[in-house]
Every structure is written in structure tokens, then in C-alpha cells.
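Some structures are shown below for you to check.
Next, two complexes with subunit A in common: one pairs it with subunit B, the other with subunit C.
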Partner chain A sequence: MSNHKTSLSKVSHQQRIGDQPWLRRLLIGLAFLLVGSLLVLPLIAIFAQALSAGLNIFWVNLSDKYTLHAIGLTLLVAALTVPLNLVFGVFLAWLVTRFEFPGRRILMTLIDIPFAVSPVVAGLMYLLLYGSNGWVGGWLMENDLQLMFAWPGIVMVTVFITCPFVARELIPLMQQQGSSEEEAALSLGASGWQMFRRVTLPNIKWALLYGVVLTNARAVGEFGAVSVVSGNIRGETNTLPLHVELLYQDYNLVGAFTSATLLAALALLTLVVKTFLEWRQQQSAS
Partner chain B sequence: MSIQIKQISKQFGDFQALKPLDLTINEGELVGLLGPSGSGKTTLLRIIAGLETADQGQILFSGKDVTNLHVRDRKVGFVFQHYALFRHMTVAENIAFGLDVLPKKQRPTKATIKQQVAELLDKVQLSHLANRYPAQLSGGQKQRIALARALAMQPRVLLLDEPFGALDAKVRKELRRWLRNLHDELGFTSVFVTHDQEEALEVSDRVVVMSQGQIEQEATPQDLYQQPASRFVYDFLGGVNVFEGEAASLKSNRLEQGKAWVAFPDGHKAEAGQLYLRSHELSLSNQPSAIAHLPLKIKAVSLIGAEVRVELEPLGWQSQDLWDITISHSEYNLWQPQRGNTCYAHPQAGQLFASNTEHQPRPINWQQGFALIKTA
Partner chain C sequence: MALKLNYLTKTLLATSLTLILGSPAAIADNPSLLNSSYDVARELFASYNEHFNDHWQEKTGQKVEIKQSHAGSSRQAQAIIQGLRADVVTYNQVTDVDILHERGNLLPKDWRQKLPNASSPYYSTMAFLVRKDNPKNIKDWDDLTRDDVDLVLPNPKTSGNGRYSYLAALGYAQLKFNKDEAKVDKFLRKFLGRVAVFDTGGRGATNTFVERGIGDALLTFESEIQGVIKAFPDQEFQIIVPSSSFLAEFPVAVVEKPAKRNGNFELATAYLEHLYTEDSQRLLASFNYRVHDPVVKAETAANFPDLKLLTIEEIAGNWKNAMQVHFASGGKLDQLQRR
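Take a look at the complex of A and B:
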């Protein structure tokens, strides 16, 4: 016993690994170098390139009719995707955390499919199913409904890609909070809606907002799946990320980077909001 | 309001949480559901509240069938083990919740609600905390607020799920007395769940002991303590020592195991079984007596409290657990038993559970039979 004690105290007097000043400086320096060259520098480059021909050209590029259309389409996709996945995510999280039923575990695993599948594959799946030669697509054609190579298809794949975000944020939180507050509300005479609005929603609101921000960021920025089902028709089915690529392939570098600044700015905004929401969530948890 | 439970049963997957059972709780009664975890007591309580639905059976409130009535319409007060206060609402908002969600026509005015909340806060003696949030309260305060919140709806039935389980010993004692007083003052019917036998015996008018989804015994605390109906109840009430033996072949009144034995008083025949002896129903001495030869080795002596607690290990015979015997300080001072000493236990009263039946135990009382005669 006494032997054990002395050996322990010896260890605690020793320096921890990495405590030497030169090693610490080296590691910190390396981390900054990596973050700088891989993350910060490219971001600066986007803005530098976009503004390289002057502010005037930047505005001209931005007010280009196809660019404006791409912005509009991207906003439309986000505006449809986010509310859909918000409702879906809340329902799903509610279902798997408040009820016990056969297949519950499988359902919780299935939620992650969009994360596990490559977006390009997701796009192809939809194309095969709903395209003109697909199982459902043939029937749709007969009824004069076009989903693929049109905005509904873009919304469909974006919904698929982003559907886990809200549910994934809510499930652990709702599991941890348990259902006793909701039961208390019911036993005090609250209706289902009153319980949800006055007890459930306030308890999950920060996590919900966080999920929404992530969903929105992904919906706006999604490239792979959208590129498969969009058909890249300029002024019709071109979202902002696709537009950037088209301009780049046209050797219109300044134009491509101008559109890219919009996405980059949105990403930065998302980071700020995300950090704030994380902070709020920690506050309300403590 | 009286509560009648008729043939209620509940199954969770393969697990039979409740076997069909009947129970009647009278108006104004305070009933404790006592049992180990997994005994079905909480399930039964939640079925009474309507938070869980029974697979079969009926629940009647004052003769009216409420089996299919939703929890929000049963108008029972429910108090949760972990309080379940609404974390984003202040104490006052928590208490007002039930009144706030009433349909417009029945809802009191804002001023009336405010006044009722103030009265309730006064009743639970926490008026100064009205604007705090639950996270800023101690466990005892939270539970009193949870009670006030349930009482705001003036329920005729109050159901409490391990209400004091998460509190420390001192607060728990204080709160259960307070609950008893509140119950007597307001006159509602209460059912509370607990796994603490002391709590159940102290607070309840009647105790229902449950095990494995069945009712083992329902009785007043006095009857329960004096006449446990089964081995399970005896074990669960605690502080019991068991001597398992066979009827001796030569002396018909002796229960023996190897060299150890207990002689029953006149008129009692020994039969193979287990003799249950509570720790205060035994005395200790450094010599065997005419009524028992139960040699034990002292493992520990605790002098703290009103009595001296001695922990003992059987010497030359078997018992599943160590024995616990409490003796008075004056008895202790007579010969001052020390750790490591050998001594002898002498039963004063006990119950014999015969091996071949599951029936009522046989009470055996030595003091009536003959006085302690010490042999040299």
C-alpha cells in the first residue's frame, strides 16, 4: 500500500507529456499554420478574387440575371426544406423518445442514412426512382408531372440530405430530459397542444434552432445530390453552388468567386449563430 | 373520493409488471404502496393516474368507471419522484400552470390565479421563492413546490411516486410529517409509492406490500409489523434473523441444525422450517440457556444510538446472512461483549415458517412458556 502511494506521488511531480516549452510552441505553431493555410487563407482568397476586378465588376457579376435566379432558387429550396425538416425532425424525435414500439431502434439507425450515403449516390437514387425511366417516374410522366431536372427534384434531394440534422439534435436532449414534465402538464389538465407549446417546445427550443441553422446551411450549400438531379439548366434549375461551378467552367473566375462570396458569407454567419446557440444551450442546461 | 381497482393487470413485453389484482382505497385514506423495485408499485400508481393504461381490469373513482378516461380528465394530483417542475417557468408560474391551461370559460381571472398561487405558496411556506426558477431550489423545496402545483387543482386524489426518494434523510423525515399533516388538513385520498418500509409504516393509514406484480399483504402499519403474512413481508420489513432447522428426532420441541438448537415453549411442536427472529426479539449472553443453543461470534459492536447493535457470525451452524441483535446499554454494560468474543443468543419471540407450507407463520413466544434459566 505504502509503495503504491510513493510511486503515485512521484508521477505527479513529473512533467506531463508535452510540457516542455519548445514542444508546446511547436505544436501550437503547427496548429495555427494548418488552420491558416487550409481554412483561413482560402476564405480570404475567395473575397480577394471576387473583388480583384474592382467593386464595380463585383456588383455587375452579382446582379447578373442568372446569378439572381440562382440566388432565388437557392432561397426557395431552403425555404421549403427547412420548415419541412423542422416538422419532420420534431415528430421523429418525439416518436422515438416518447414511445416504445417494435422497430424503434431500427428507425433510429435509419435516420442516419443520409449521413452515411454519399450525396451523389443519394441524387442517383432519386434519379433512378423518379426519373422518366424510373419506377415511379414513368407513371409521373404519364400524368405530366416532372420532378427530376426541375426544382421539385432539387427540393426532394435537399430534404433527404438534411433530414437528420434537427432529429439528431433533439433526440439526445429529449432522451435526457425524459417525459415527466410532459406527464406533469397532462396531469394538470393541459391538452396535447398546450403541453407541446408550453412545456416541450420551451425545453427544446435552443437545440431546435441549432438544428435549423445546420439544416439551412446544408440546404443552401448542397452540391453533389443537387447536381445529379438538377440538369444544370441556367436560369431554371441552377442553384448557387451549381452556378459557381458553371461560371468556373466558363473561365469566368471573378464571376464564380463573386457567387462564392455569398455562400462563404452565409457560412460565416452560420458559424456565429451556431456559436451563440451552443452557448445559449449550455446556459439553459446548467 | 374512493378508488376501486378491479383485476388490473399490465404487461411490458415479456415482463408481467402487474398480475391481475384488486385493491380498494377508501375516501380520505392515506395508503402506502411498499415494495422493492420491479414489484409493480409505480406501474399501479401510474395506472390509477391514467399515465399508463392497464391491459385488463377496471378502475373506479367513487364508483364511476374511469378506466378509459384520459389523465387530463381524471383530475388527480400527481407528484413525481424527481419533481418534474417546468424548468423554464418560475415557481409561481409552475403553480399557476394547471389554472392557466383551463378552458377560457372555467379559467379564473389573472388576479384570482395570482391570489391562489400566493395562498398555496404560503401553505408550503415558500412565499419568498415565488420568482425563482426550479434550478435555484433545493430538493426539499422543489418537492414542496411540486406538491403545491398539484394541489392548485384541488384534486380529490393525490398520487405520489416515491415523493421523498431523492431527498436526504433529515429533509425526508420532515417532509413526510408535513405530508401527513397536509393530508389530515385537506382530507383528500392519497396513495404514495415507496421502497422505504420505515416511511410507509410511519405515514400510512394502511400499507399495501407488493412483490412481483402481486399484493403480498394489505394491513395497518401495526398489524403489518406484528403479523407479517409471508416470508417476503418479514424479510422486506427488515432487521430479521433466520434460523433454519429440522425437528429433532429425540426431543419433539426442538428445532435443530447440527449442534445448534432452539427449544420451543410447552405446547409447541417443532417442525422443519425457518424461525424468523427480529433483532430486538433476542437477547445475548455469554452462556447458553435452556431454551436455545445458538453460539455466535461477535463481528462488530456499535454503541451509537439508543441501543447497542451487535453483528454476529454463526459458530458451527449456517445462516445466509450475518445476524443482527440489538441490546440495551444496560444489558451491554453487564458483560461488555467485545469483537471476537463468543456468545449465545436467546429468542424471546419469533415466527416459524414451516417448510412444507406457504401458509401463515406460527407465532412463538418464549416469555409465556418459561423464564430464562441459565445453565452453568
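Take a look at the complex of A and C:
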């Protein structure tokens, strides 16, 4: 190998970038420095700040009435959003990969709208539609139904923001797998539900979980859209990301970072699960 | 995983349902009130809510759950127009309450007549924060036009705080030059030329002056200045109250439509009326706001130097006119900043 290499360089008298050991080390060092200062250091800072006043204060902040409410609301939003988008995503992916119908391509493009639209704009769209001056909002008002500035509105915008994740994970996979296995199952007498449970689901299992993890991470962390429809009522419509901002503006740095550690811990957990799922996905593919 | 999620969903759904279904019952026992307020009033109302609750409990035996919503007051007003069911508003700009009448007819046009002092239970004014020992010897608005003085204030285009400072300078110049427009404009042009940094908001300007150490004088609310002096004792900042300044009102109002629908009209009115009692006024003064109550005024006179307070009516006729003439695109502010 080394012989081959030297002979090659003798012939061409050229060196590729990174052939020199010092340059290689410099580049690797630079990469680590960048990742360290841009990604790792801020993460450490969050935990350091949260614990800066001692573990005691950390617990006091964490068990604050409003913080607990923010955690509960955030979990509620995720618990409603994730199953909804799971069903929606599977249904949509199945529809566009297993059937040919007019408008199929348009549908596939439309799925991406939440990715293309800024979250703030998404929030405003819902507000203009369901707010008391909106098309639907007037009717809701007359019937005493409060969607905006209450938890249902927060769930609605979060569902909107996170709806492409599951479908986007499944569509390429299901396209690649094709429908031959499912057709075989049907021809052997399986019912539709049996086919879905025994054939489709095992095939897409890992990608589906991957989509769920991404949906969950985004649902918990969404700020922009939620901020527009929340109304900022402390102890009622404040999700965890909004609560972090609110505490920060209150000059309660330790409190803000304490709530931020919850989000950061969740992000780390998501990373671990995501890496594991990617690994399993590769395993099941090979 | 799926099973766990289902379980979690069910529990959470159940809890949320009890919360929703439970809330009307809760209203019957313990009323709840939503106060939509401006950005930097959290500590103030956290303290006042407790104070009011003591009074209300003594009077009626009920405990009120008072919920707070805080953000920039223009944004808050917008949320109410879009359907946020606030019972009362406690803002720092009259225009933001006016808009609730104009856009949504949520309260009567004469809302300012409903409570004493034009529905402004407390007020403040624009003053200067200078560095230790006042090295540039700043005393009044004239000193802010000197070539060796750099100013920090929020941008009047984006911030009510900045608008107030601009109007205060305008009012001073009008007094000094007896409304001679050419001279007033010349004064304002010099004043605006001394601005080192225009921040977008009040807290941003404070940070520029305090943390980044830029400028010789920060222009902001007297109440905010007192807070900064207390928050950074080692810097030994000083407050300079000029000879005249702008009367910055903090209007409050019952948002009648939603309050009536929430069944909270009496409670909401009582909540705001109680702001005018002596004890409440003392509490407000402790947050560095000026108040009208004669007893409290006498007690706290040392903290609030006398000055001539100019109203928006004296300076620019009314708010609408002020916005059009001075702050609209191409208005006086834009013209005077051109060099």
C-alpha cells in the first residue's frame, strides 16, 4: 500500500490536500475546535448556569408551580401531537406510495408546506383563521369555544409544524420497498388489517420510530408558532420553551437555564435514540 | 412503546379533560381574573395581586386566582383583538388601549373617564441615567445637545419608551423657544445627532449603557432608572431629573366585553379601583412609579424630584397627530435625522 502510494506520488509529483500529517492534524483539530465551541460548550454552559446557584436552588426552580405547569402542558401537547401525526403520516405515506391517482404529486409537494413556511407565519395563519376576527373564529366565539390562546390552539399549530416528519421518513422507504410483499400477503388470503400488521408495519418499523422521535423533539421544542397563539398566560398557556424566555426576561437566569436543561436533556436523549434507530435501520436494511 | 404512549395519552387526556370540565366549577368557587400587561411589570403585579387578594378575601371571603400575561403592550392588545379573553389591561401606552375600542369595540370610547386621573393610577416620566459622579456635568436637556455628550435611547420608531424621550425633548424645546418651529427643529436635530446607539427596545438600551459601557447618558423611564441604580450598586450610577419632561401615563381599563362574558365585570372593576387606595399607591411608589395619592406623595417626595410634566396634548395635540407628524415614515423624526 505504502509502496503504491510513494510510486504514485513520484509519478505525479502532486500531493492531495491533507496528505501532509501536520495539515491533517490541523484540520481535524479545527473541526473539533469548531464543534466544541459552537455545539458542546453552549450545552455545557446550560447545565453549568442551571447549577451555578447550587443543587438546592435548581430543585426549587424546577418545582416552581409555573415550571411544573409548563412541563405538564408541553407533555400534553407532545402526547396529543405525536399519535395524531403518526396516524396521519402512515396514512399519507401509504396513500402516495401504494396508489396512483390524479393529484398524487401535488399531494406529495403539499406535505412539505410546514417545512417551507416559517413557524411564525404558521402561527399567524392559524390566528387569522381561528382568531375572533377570522373566518372560523367568529363562529367559534359565538359558540363560546376558545381555541386560540388556549391549549387546543397550541396543539393545532404544533400538529401543523410537525406533520411532515413521519410521512417524509416513510415515503422514500416505502417507495423503495415496493408493494410486492403486500400483494403476496393478500394473494395468500390475508385481510387488509393482517397485511398491514404482519407485513407493512414490520418493514417500516424503524423508520416510523425515527419519524416519531423527530416529531416528538420538534413538538416539545417548538417556539415560534406556539408563541403567536399562546397569549403568554403564565400557568395556563406557557409551554416549556416559552417559559424559558419568560424567566430570562424576568432576570431569573438560573430559573431560565434550569428549564432549559430539561429541553437540553430531552435533545440529548433524542440524539441517543436517533442514533440507535439509525443503526437498527441500517441493520434491518442489510 | 406504543402501549406506553397510549397510556400516557390517556392519562394526560383525562387530566386535561378534568381541567377543562373542572374549570367552570372552579370559577363558581374561586373566581379567576386575567390581567394583560406590559413587559416589565411582572414584579409589580405579582406583588399587587397578593395585596389585592388579601383585600378581596377580607371583603368577600373568596380567593381570586389572578393570571398574568406579559409582553410588549402593542402585541398584547393585538392578542385581545384576536380573541384573548383578558378581563383587564394594564398597559404603558394609551394608544394600545384605544385600539381595543377602535378595532374590536371591546370597551367604550370614553374608557379614560371610568377611573380617576384619566384611568392612569400611576405615572412616570423620562429622566437621564449618568455615570458615577456625573463626569459630563449633565443637568438638563440643553446638555444633551453638547458635542461631547453621547446618548443612548431606544429607537422612537420601534419603542414607546424612545417616543416618550423624543417627545420630552420636543416639549422642552417648545417651552424654551416659545414654539418657534425653526429653533425647535434645530434643537432636536442636534439632540438626535448626539445619539450613539438606537436600540429597538427599552431593556436593550439599558443593556447597551450598563453592560457595554456606551454613552454618557441613558434616556428612559424614571422608574426603570431607579431599578437600574439598585441592580448595579457598584457602578454608582446617578439619576438626573430634568427641569421638564413628558408625562408617561400607565393606563388601566376593564375590557368590558370579555370581562362580562367571563362574569368578571365587578371583580375586574374592583381590581382596578383598588389600585387607587392609599396602600396600593404606596406599593406602586415602592416600584419607583409616581402616584397621585396626596399622603403617599408627601411620604415619598424625596424620591421623586419636582419637575414640569408635559402632556401629549400640550406637545402634539393628541397621539394620532404625534404619530402622523413625527413618527410616520418621512415624518419629522426622519427629516431631522438626515444630515
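One rule holds in what follows: the second predicted complex is superposed on the first by the 271 of 286 C-alpha atoms of A that agree within 3 Å, B and C clash if a C-alpha of one lies under 4 Å from a C-alpha of the other, contacts with A are read in each partner's own complex, and residues count from 1 in each chain.
The working rule: a contact is a pair of C-beta atoms (placed from the backbone, for glycine too) under 8 Å apart; a residue touches a chain by one contact, two chains touch by 3 or more.
Computed from a predicted model, the values in this text were never measured in an experiment.
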May I ask you to decide whether A:Ala184 touches subunit B, subunit C, both, or neither, giving the answer as first, second, both or neither?
first
Touch check for A:Gly137: first (subunit B), second (subunit C), both, or neither?
second
Applying the touch criterion given at the start, work out whether A:Gln249 contacts subunit B, subunit C, both or neither, answering first, second, both or neither.
second
After superposition on the shared chain, which partner residues are touched by A:Leu268: those of subunit B (first), subunit C (second), both, or neither?
neither
Counting only touches as set out at the top, which of subunit B and subunit C does A:Leu68 meet: first, second, both, neither?
neither
First, second, both or neither for A:Gln194, with subunit B first and subunit C second
first
Taking the superposition as given, does A:Leu27 touch the first partner, subunit B, the second, subunit C, both, or neither?
neither
Between subunit B and subunit C, which makes contact with more of the residues in subunit A?
C
Name the residues of subunit A shared by its contacts with subunit B and its contacts with subunit C.
none
Could you please specify the touching residues of subunit C with respect to subunit A in the complex?
1, 5-6, 8-9, 12-13, 15-16, 34, 39, 42-43, 67-71, 79, 81-85, 104, 203
Contacting residues of subunit A [partner subunit B, same complex]
180-181, 183-191, 194, 198-199, 202-203, 284, 286
Considering only the defined contacts, which subunit A positions touch subunit C in the complex?
72, 75-76, 79-80, 82-83, 127, 131-134, 137, 141, 146, 148-149, 151, 209, 231-236, 246, 249-250
Flag every residue of subunit B that touches subunit A in the complex, lowest number first.
49-51, 70-78, 80, 82, 84-88, 97-98, 101-102, 135, 146, 149-150, 152-153
